[in-house]
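The same subunit A turns up in both complexes below, where it pairs with subunit B and then with subunit C.
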Partner chain A sequence: MSDKKQTTKKGVSRRNVIKGVAAGAAIVATGPALFNIAKADGHAIKIGMPVPLTGPYGKESQEQARCAQIAVDQFNAAGGMGGRMAELLPRDTKLKAGEAATRTLELIEKDGADFICGSLSASVQLAINAVTKERKKIFMSISQSDGINEAKHFSRYTFHEAMNPHMTAGAVGRYVFPRNKKRVAFLIADYAYGHEMARGFKRAGEAAGIEVVAEVKHPLATKDFSTFLPQIQAARPDVLCLCNFGYDQLNSLKQSSNFGMKEQMLMVAPALLYSQRLSGGADPYEGVIGGTNYHWTLENSIASSKAFNDAYRKSNNGMPPSDYGGYGFSGVASLLKAVKAAGSTDTDAVITALEGLKYDNYKGGQRYRGCDHQSVQDVHIIASKSKKDMANDYDLFDILHTDSANEGVLRTCDELSKLT
Partner chain B sequence: MANISLELLALQTFTGLALGSVFVLLGIGLSLIFGLLTVVNFAHGAFYMLGAYAGVFLIGLTGNFWLTLALVPVVVGCIGLGVERFLVRPLYGRGIDYPLLLTFGLGLVLVELVRITYGLDGVPFDTPKELRGATDLGFGFFPTYRIFIIGITALIVTALWLFIEKTSFGLVIRSGARDPEIVRVLGTDISKVWLIVFAIGTGVAGLAGVLSAPMRSVIPDMGTTVLVEAFVVTVVGGMGSLVGAVVAGLLVGVVVSITSLVAPELSDLSMFVLMALVLLIRPQGLFGKKGLMG
Partner chain C sequence: MSDIPMRDTELQVSGNRLAGIVRSIARHRVLAVSAFLLLFPLIMPYEALAVNILIFGLFALGFNLVFGYMGVLSFGHAAFFGIGSYATGIAIVHLGLSWLPAILLGVAGAGVVAMIMGGMAIRSRGIYFAMVTLALAQCVYYLVYQMSDWTGGEDGLTGVKAGEINLGFFEFNLVDPTAKYYFMYVFVVIAIFLFSRILNSPFGAVLEAIRENENRARACGYNVLLTKWYAFVISGLFCGLAGSLNALHLSVVPIESLHYHLSGQAVMMSLLGGMGTFFGPFVGAMAFLLLEDIITTMTTHWPLFLGTIFMIFVLFFPKGIWGSVLHWMKR
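Then we have the complex of A and B:
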């Protein structure tokens, strides 16, 4: 036997390895065909999830996929829709618009996804939205964006579970500015989301009569902020609005605390991120005020939060879920609730069901507004705790105030319809 | 921005010099290894990142920032020793692109190893208590920690200069850089010299990493942009020139800083414009020798 001669020390022959690889490749190649058969049988309800699993927002989107899976598992455990089970298909967008559009198209065409839910970054979201709009599939968006609500991008297939910068920056501004914080400086990441946050703050500021004393735009993914800070200090603001995200937020905070700026002014961020605070540590964030959709301590007053946290803790060593994880869970949970209500995966029927849905997935009552399918929901104003005030490793924020779910915090339907 | 006062301009220039000293620290290790070994070390950013993570590990172990600061360059330098001895050394004499490709791959491996060990997300690293807050410079307040970095950079540069220019071992290094053949003929073990130079270069990169940890987020990818910045500094200063790295680092810092004041959106771009200009006028860099790459 020639095979024996080639057998390696571990007892695996080269030929067998090659055979195995070939068989694996064949399975991968025929995989999509198998999925199509499943679709034809009308069994699984497929939710495609294009999210940036790798890259700078990898942590956030892996968390979103984990939480979305919990929603799917709960749906299935409850018997699905008349015995039809749901299935989650996560795909990596690599945080690139083109990649996301391709993956979405594949999910719809090859994998037979019934719905699409996902993605971080405003531009990637819009790329996916363009595909789903054209293919007449529902897209449940779970990251922040103002653009997606505007008539230019909106379609009846578009739903927005996440909050938008107008809501969050507005809520933070309305909380902070009237408390004698009139001189305001902006540090803005120079891209769509950064500009949208700054605009949200300024809208809220008009009512409070703020004076903009400095406005500095920094390139996306800046590592050293030191050169932007002296001009902000020189303007002597009462409050500095950090209109940036992810590591930009952490780096700018770390460095401005080094400049002693936290003693001179109040730092605020429209989306104060749970995972960034966790990886940045308590010190740089101490006292920073921001907005959020969710903090796990809401479980003390809200039953659905407790249920969501407990389900997450069970599969994650007792750790509570994050704010962005909440979006992932809720986006998929809403889709599945609507499927159940409609008794079908038919796009039009599910749209009607979603439009009429009053839901409480994880943070209290929510609903999708008719004109732009924006989820109307509570916005929480939080402050980052100091190390000594933390009850445990995950007790990161104090909830200072809650703007309860109402349309008043959104742009009017009339305004949005004009943004073509 | 609207009214740029003289004080602000002074503070901005000083900020630029401080940022420049960070660039010097980033660039110097790369420049040293290239100038003396003609190895373009693409794993430089990864060693920088290793420095930060070694810092995280050691501060967790010792709880002492100063001890950590002293140990990190030693630890990273030792890793550098191993890399030179077992990976880079077999490639000497095979042309400049062999070690370049090797270190490029090594950089990817190191980043991936740290990802496996510490995860994708960052780890916290606090500014040491003694160096927190800001110091009054007369024309404005400046972070004490950044002033400390200027001091450390000055110390490292001086020490390196003295070591290379004033010690007999430095003499061997310099002659080895000029003509390794002759040095070998004279009975000196040149491979030992290269080993040590490589270790010093990586050690300084590691030191830069741990020094950056309180300012920048500690994530596995943190070395990527640093590699680019270090290259800009090295290219502007002239590949292999210690003086060049210092002058270029400070120059790049000031250019970025002043651009941030006038047109902040373009600050990233400014260092590359500077590099392009220098390359157009002096292709070998400000202090570089002609034909090193040939």
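Then we have the complex of A and C:
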């Protein structure tokens, strides 16, 4: 302890101690004022929205936040809940589960959020869900996941507005396989989402009597698929199911076109994303079949779609909203409808209201199933149009078929309750 | 690297009151940092951020033992943080242990991993050491990723709940943010006290001797390799504790707590605060997380602003925030 030997006689003077304490007290007194200037009116209904505003899914989640804001604006324009206005608080999760958990804590502790709605990617959803259920806050999840329905993660505070991989892949499989597509190959991104999608397909395939001729797994964010594709080609499948997402999907599609595989087999991508197709261009996607929750052309037959599209177009230079934007809008709109019905923001009252809610926010009738709070909704089977068939820049998909809202496409409550 | 700001000898500047205050802080550094952290949540916008700074400050502190005091750059410290998190999480979720054994298991787990990693890496130097630790940490990452029955894999480990904590005379719940902060605070203060004792011991002096001149230290009769290994393991234990507390804080263990990005953050926090200084890592963690928190709520272009700020620091304040403060005080 060399330090101690050198101790000077005087040490700290009393004056310095007093000064230090005074300075400390001043910091303590002004601190909260410095940082909390933006603290909003305590009476507003606050909806926290942790979404990955930056990073690879930035585009989708900024769209989700934009659409959620429309739902809030409409609620406020209609007078709120007896004059109580709603407020949306978007926060960046950076697509990381830990960051998302911190942001959710911030929203609950600092901002006093009444509800949480948001996230993209399964792991982030589960992290937010863990935080909200421990603190008894309602979490409205707006991204695909099977795990969140299962008893291990589900709680009465958890609601899932998005579709799940089981119902999406199932609907696409039920459409494709019976049309003489029995020899099936899978290209699977090696993580939870990819496996959930593949599982959904296989379940649907059992009934149709498919034969799995190839099952190839690739790591996330693969750039070069040339080592994976020949295995699939050699198996001579009728249909190839691409159980991947984002750039993986785009790259694998582009490269399989180069291999001439599109002529040999049907390409199926369970979650065929609007924004991905928009940025990827018509050619790589031409003829690809997939599933979606929403395509804006539904406005031709559904009034609520028309209303949602028009509201969006007004603030976005005539551009129509995307599929994931629809989730953002509908998740928040449902919460606010339930708040209005319950007449309060009390968690238990709003849960009861949500459970009893029959709603048509943007795509026809929906409701939350009792046992897992999964939104029962239409699943649309779509095919990507070729460039010459597109009526305008945003006319991307043909709707081939609609699996109308019914519980039959979901896993049974009994099955989910056993997954602990 | 040659200046060691926290030594009293270098602070004996007369006629300067500020220097006097700094000197007394330096002499009672554990007391000073404990007192500051005691009041800390009051000046933070919300408790979760204060808890984050506490945890990452401890993480950077542990990292700084190897980086700042021994002068060896490791890029694998995320492994200790992550294993600390996962071991604590698994103890609670799968083994049904209570919080104290779970934390101890987290620290012990990180220690074991540090022993193995240290044993394999410690003979290499400089950039090779950084690369070997990085590679080993990535091995740990993929191992944990694959063991999804135990760790949850991609989804992370959920359900890490300490819940009600009963100390016999005092009961509280970690869901209450203030209680959570002071719960963590106790562990961090104990860690800081131990850390200070280690630095003040002859062992601590040998670490700095190795940093200044490894050959000379060897010539003096010290077992350099063994000392390095000890330091690496001790550093791993501190980082493991930080990870363990993080699991209790978030109530989930995300897979990214093992990601090399986190190792990079430790380097960044140490550099930002001032490497080789006692308070530096805490100052760095505070500056890093506070800036990130404020800027991300203002703009989605936050990486641009953060990057610029880091560049300014690296270019103009190479000693880091706390290092620069000490430097000015001395003048």
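Keep this in mind: the second predicted complex is superposed on the first by the 378 of 420 C-alpha atoms of A that agree within 3 Å, B and C clash if a C-alpha of one lies under 4 Å from a C-alpha of the other, contacts with A are read in each partner's own complex, and residues count from 1 in each chain.
Methods note: a residue touches a chain if its C-beta (ideal position, glycine included) is under 8 Å from a C-beta of that chain, and two chains touch if they have at least 3 such contacts.
Only a predicted model underlies this, so the values are computations on that prediction, with no experimental measurement involved.
Asker: Thinking of the overlay built on chain A, is A:G79 touched by subunit B (first), by subunit C (second), by both, or by neither?
Answerer: neither
Asker: Between subunit B and subunit C, whom does A:G356 touch in the aligned arrangement: first, second, both, or neither?
Answerer: neither
Asker: Pick one for A:G287: touches subunit B only (first), subunit C only (second), both, or neither.
Answerer: neither
Asker: Let me test your reading of the model: by the given contact rule, A:R135 touches which partner, first (subunit B), second (subunit C), both or neither?
Answerer: Second partner only, subunit C.
Asker: Give one of first, second, both or neither to describe whether A:G343 is in contact with subunit B, with subunit C, with both, or with none.
Answerer: neither
Asker: First (subunit B), second (subunit C), both or neither: which does A:G370 touch?
Answerer: neither
Asker: Identify the partner contact of A:P219: answer first if only subunit B is touched, second if only subunit C is, both if each is, neither if none is.
Answerer: First partner only.
Asker: According to the stated criteria, A:Y191 is in contact with first (subunit B), second (subunit C), both, or neither; which is it?
Answerer: A:Y191: touches subunit C, not subunit B.
Asker: Going by the contact definition given at the top, which residues of subunit A touch subunit B in one complex and subunit C in the other?
Answerer: 58, 62
Asker: Give the list of subunit A residues in touch with subunit B in this complex.
Answerer: Touching subunit B: residues 56, 58-59, 62, 190, 214-219, 221-224, 226-231, 233-235, 247, 250-251, 254-255, 257-260, 275, 278-283 of subunit A.
Asker: List the residues on subunit C that touch subunit A in their complex, please.
Answerer: Within the complex, subunit C contacts subunit A at residues 7-9, 12, 17, 20-21, 23-24, 26-27, 39, 42-49, 52, 153-156, 158-161, 175, 177, 200, 246, 250-252, 254-257, 293-294, 296-297, 300, 302-303.
Asker: Where on subunit B is subunit A touching in the complex?
Answerer: Subunit B residues touching subunit A: 1, 5, 7-8, 11-12, 15-16, 18-19, 22, 120-127, 132-134, 140-143, 145-146, 214-217, 219, 221-222, 225-226, 256-257, 259-261, 264-265, 267-269.
Asker: What part of subunit A is in contact with subunit C in the complex they form?
Answerer: 1-3, 6-8, 11-13, 16, 20, 24, 27-28, 31-32, 35-36, 53-54, 58, 62, 91-92, 96-98, 101-102, 105-106, 109-110, 122-123, 126-127, 129-131, 134-135, 147, 152-153, 191-192
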